[in-house]
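Pasting the structures in now, so scroll down.
Two complexes are shown next, each including chain A; its partner changes from chain B in the first to chain C in the second.
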Partner chain A sequence: MPLAATLVEKIRIQIDGRDVEVPKMMPDWQGKLQPTTMLQACQQAGVEIPHYCYHPKLPIAGNCRMCLVEFGTPMMGPDRKPILNEDGTPKIAKSVLPYEPGTPRGAIGCATAISPGMEIYPNSPATKQMREAVLESLLINHPLDCPICDQAGECKLQEYSMQHGQATSRFVEAKVHKPKQVDLGPRIMLDDERCILCSRCVRFTRDIAGDDALGFVNRGSYNTLAAFPGREFDNNYTLNTVDICPVGALTSKDFRFQMRVWFLRETKSLCTSCGTGCNVVVSSREEKVYRLEPRENDAVNSSWMCDAGRLNYKWIGREDRLTRLGGSRLKACTWTGGAREVAEGLRTARPGTVAIIASARQTNEELYWLKKIATRLGAESDSIPRVGEGDRLLVSADKNPNSNGARLTGICGPLLGMKLAGIADGIRSGSIRTLIVFGEDVTRHGISAEMLQRLDLLVVSDILPNQTTRLAHYLLPGCAPAEKMGSFVNVNGRLQKFLKALEPREDARPEIEFLMELLGLLGAPQPARSVEGSFNQMAKEIPALAGLTWSSLGDTGATVQI
Partner chain B sequence: MFLHALQEHFGFISKDAVEWTASKLGLQPINVHELVTFYPMFRQEPLGRHQIKVCRTLSCALAGAHQVRTFFCKRVGLDPHKHGPQTTSDGHYTVEFVECLASCGTAPVVMVNETFHEQVTVEKAEQILAGCRAT
Partner chain C sequence: MIVNRKELSWWERMYLPAIASGFKVTLRHFFKKKVTMQYPEEKWSVPPGYRGAPYLVKDQEGRTKCVSCQLCEFVCPPRAISITPPGPDVQTEAGNVEKRPREFEINMLRCIFCGLCQEVCPEEAIFLMKDYSLTGQSRKEMIYNKEKLLALGGVHNDPIMKWKHKAQEAEQQETFPVPEERQ
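What follows is the complex of A and B.
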């Protein structure tokens, strides 16, 4: 929260008969301070007002009416002083219909500002009646096809019907039918009968994604969400509309009919497809990922993520994943034996003849231990830059998720890849005899297969096969980020952690485990035994991380000086 | 204004016309499309030669406007259950419901192009169609 927000004036109001103090102003969807609304005030007081069209990160539309609440304001005398009851409490004028003073009149919580002394009645019979009526009207033409709806289980229409709706329908007429299975764009399928016309998707794509592609056509009962005929709804952020659609109208073609949501296990993680490091939730079941969704972090990705990053998870389940300990020289068939053989080979290498190339896709903790190995062996080390296209919203041109982590741990210099040419020369001239590669195919970065074959020892860890892994003397199968935990530092210096969603496959292990083992076999003292421990130890050694602990990173991380 | 002029000139507002209008106004076509689909007086398709408008506001509805429209639809081969204006494939007829034509006292009321027909019964509707065929 910006400093200004913590300093603002508070006002006293009453919610459900309870006195509360809430800020007079609160941030709107763009973070600008605006008068606090009844809905926000109730949220502050821990009272949830049901809502569909309101979304904290979108401009207010006030069209669904779900957030209607009964309220009252202090009565004022002609002297602008509050009129008091006999017991000294202020007299409250409840909001009523102007032409029918006996009938309570609600106001929409999402767009009505609070005022001093206001009373909000989120649980009064009148409020309940308003909610029932709104829900009844929303359900009149709804197809009620929950059994085959992807949203079922996380649908606000279901949830609010349960909490605030009626058990029976009074509607006996024929329902209006609207288009179903509308192919909105390459990644989105729309069911117009399920749409409650909240316009969240319209506002998202217009005001956040900057692609004014959606709108409402026709009118009255036939009001229909649509894209312009013949135009695809296709920008790199379309799938966010599926997340914010409160019902099952917008569905992801990728996730559609794949899995009932209540079977999914959710793990807090990060997108690794670029240097932004959008916070995500990985949904998995039985060691298979079904979808990624953005997780709110205002220091990084707000509530959004790009489509490309979101859909870049299928490779985790690829058939050709490296899952076996291997390499042309491996004699042992267990990790313990394999690690001993590798350590043996490294111990006999003369200082100055070893080089390490470690990907900036590895975690901080892994890079930290790799750097220790480099120091121990007197080895040169570097990472490989990965540059692509960025955009103005989230996508970074740096396609490594952890370039800054590689810099901070010292595995590379300020510019990634500066030493690569030197390492290649060393191999060519024979001064470098041993190469350790983590997570890169070096044959695509200036070190040819033919050069690799000249080495005395080539130790490789990776997750997918490539030219380098095929030539390895020792091949150590590692883990996809979803299969381990660790931390990354994004392009803006946000240090964030991610947790393990899946079990590693077969022989594969989180790299950090065998790195620590190897270091032990090389005779180094190594107090840490876990990822958390590694992080805490690293934080004590690297000045930029001073004072941080694994647990202090929380769900949204901390910003460090790069 | 733009759209009215376009409709006057072409008889309807095509997809191209929407895109052209949007580009002239610096808008996305969906914004103009929203507007065109909102107002029933904007036509998205060319109309039939005989445009049969059946009033369905209260007086006419009570006096049998629905039966009259159903009759017209069936006689010219259109689906009475469909919503909105419909035009026969030969381009002869368009049948649609409209709101009050301001002759509630003589309900139900039908307008064919610019001609007014009052107290339209099924028999009268038959005569109206016969009249259309004759022109």
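What follows is the complex of A and C.
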């Protein structure tokens, strides 16, 4: 919870007969302090109130009615003092229908503020009855086609029906049918029958994405979600509506009918498509990535991510991935032999004739060891800048996920690519005879293939084939971020770690492993043996990371000075 | 413990009495009703409720009933079932069911005929039939694909026809579950 919430004054209320103290004000979807609602108070007390339309990062609509709860407030006498029971406890007036005092009247938890002395009954028989009634009405026109619905397994309607619903339906009339395959835009397919009209998607696209593209049309049972006529729902954030849809109405065309969600293994990771570093969950099964979903981190991406980043995972499974040790001079067929050959070649290189071109797509730990190798060989090093278009929400103009990490580890100067021209000149004039390239195609950045052929030694590590890898004397196959663990520093200085979701393919190894091996073969004292150890060692040496450890980074990372 | 071997008498050492009593048994059975079943030419008629090999079925209108929900794949204890879902490409022939498996494989070498797939199936698309003796020349041959499973499973009479009724109900309300250009 944000700091502000802990500073404000607390209120004593009762939840299910249990005394709890909750903050009087809590941040709303924009982070502004608002009076705490019954739903938030119950969450604070560890009691879950079922809800559909409420989302902590969206404005409150209060239209699904699922969070109805019975409550009571202290009775006040004419003197505005609480009326007491005989035992001294305050007398509670339960909320009832004004024209029918025997019938409890619930209030929606998401939009009703708490008051001192209030009692909330999230598990009372009356509350349960209200929930059952709301669910029954939501299910009236729901098609119940869970076997063919992608949401099955992570569907709130399914979950609440199991927990709070009835086993049989009393509805004997024909259900209202709505169109099932509505093409909303390039990435979204809508099933109108499943929609429960919670309006989360409408609010998201209007208030967060700033593209008022969705709305409800028609009335009563025919009320339907639709895109504004004549235009596509195609902004760069549409797929977030699929995540927040509590049912299977909005489906991603990319993930549609690909895999049932209960088979997917979820790994906490980061999006590597730009410098923002949105926190994601990688869903994979049998070494294949099926989807990326945003993971909540208020310091970076809230609960959202852009469509471009989300769909940028298919290259991981490409057939032409580099998976074999290679290169024109490789004699050995194992990593041990290959690493020895590379180390031998590097050891014979004269200091000052070596250059290293790293990538700001590499992790901090890899760059740290690469910098150590550079220092040992007396090598010039730099990495390659990658600039694109940003937007006002999440997309950063810096398309490298770890530019700041490259700066912090000292593999490049404050401006990425400053020394590139110098290195190119050095190769042209013959003063640089050895080049180590990591994850970049240098032929597209001022060092032509013809220049590369002049080198005495060209060591390349990459994951996909390109002009540079084809010319390599030694080619070391590396890993995609999903296949290894490490950390990145985003454009705002947020240091975050990501974990391994897939196994590397065939010969490929995480770069950090062979970097440490190479450094050992070059005669450096035995470096750390793991990614965690590398990070901890690095944190001791780099002042900006002082005091941090791998485990202290947690799931959401830490902010460092850049 | 030492077991003392009994010395056989002269009469016993002739062995003729033993042979004669053996032939007596043989002769008795020779004239009795035969009980040996000539397997595999003759086979057991298996009782109702017998759990044999699981096969896929079609309904009486020829629709593959499986909708690729993958619950059987999930529940299968020996992991014998492997389903390839259809993916996002719209399958026009599936109509309002939208989904059907692209591939459905059962590894009969792994299958333990437990029947959980039949029990879990929400569409009544897979049934344990009466086949118990499955043979093949290779392991690969023992992985039955969708075509083979459907051919072996045949037709299952569906008294409800849920999806057909849904489509009809929708059409009566002049909403079409599958956009017309895709039909």
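The rule we apply is simple: the second predicted complex is superposed on the first by the 558 of 562 C-alpha atoms of A that agree within 3 Å, B and C clash if a C-alpha of one lies under 4 Å from a C-alpha of the other, contacts with A are read in each partner's own complex, and residues count from 1 in each chain.
Criterion: a contact is a pair of C-beta atoms (placed from the backbone, for glycine too) under 8 Å apart; a residue touches a chain by one contact, two chains touch by 3 or more.
Because the structure is a prediction, the values reported are computed rather than measured.
Considered on the superposed chain A, chain B and chain C are sterically compatible, since they fit side by side. Contact with neither chain B nor chain C is seen for A:R285 once the two complexes are overlaid on the shared chain. When the two complexes are overlaid on their common chain A, residue A:D212 makes contact with chain B while staying clear of chain C.
Of the two partner chains, chain B is the only one that A:R231 touches; chain C does not reach it. By the document's definition of touching, of the two partners only chain C reaches A:F257; chain B does not.
When both complexes are overlaid on chain A, the residue A:K175 reaches chain C alone and has no touch with chain B. Touched residues of chain A, counted separately for chain B and chain C, are more numerous for C. Superposition on the common chain A brings chain B within a closest Cα-Cα distance of 5 Å of chain C.
Residue overlap on chain A between its contacts with chain B in one complex and with chain C in the other: absent.
Across the complex, chain A is touched by residues 15, 18-19, 27-31, 33-34, 37-38, 83-84 of chain B. By the touch criterion stated above, chain A contacts chain C in their complex at residues 143, 146-148, 152, 174-181, 183, 189, 193, 253-260, 262-263.
By the touch rule above, chain A contacts chain B in their complex via residues 212-219, 222, 226-231.
Listed in rising order, the residues of chain C touching chain A in the complex are 67-71, 73-74, 85-88, 90, 96-99, 122-123, 166, 169-170, 172-173, 175-179, 182.
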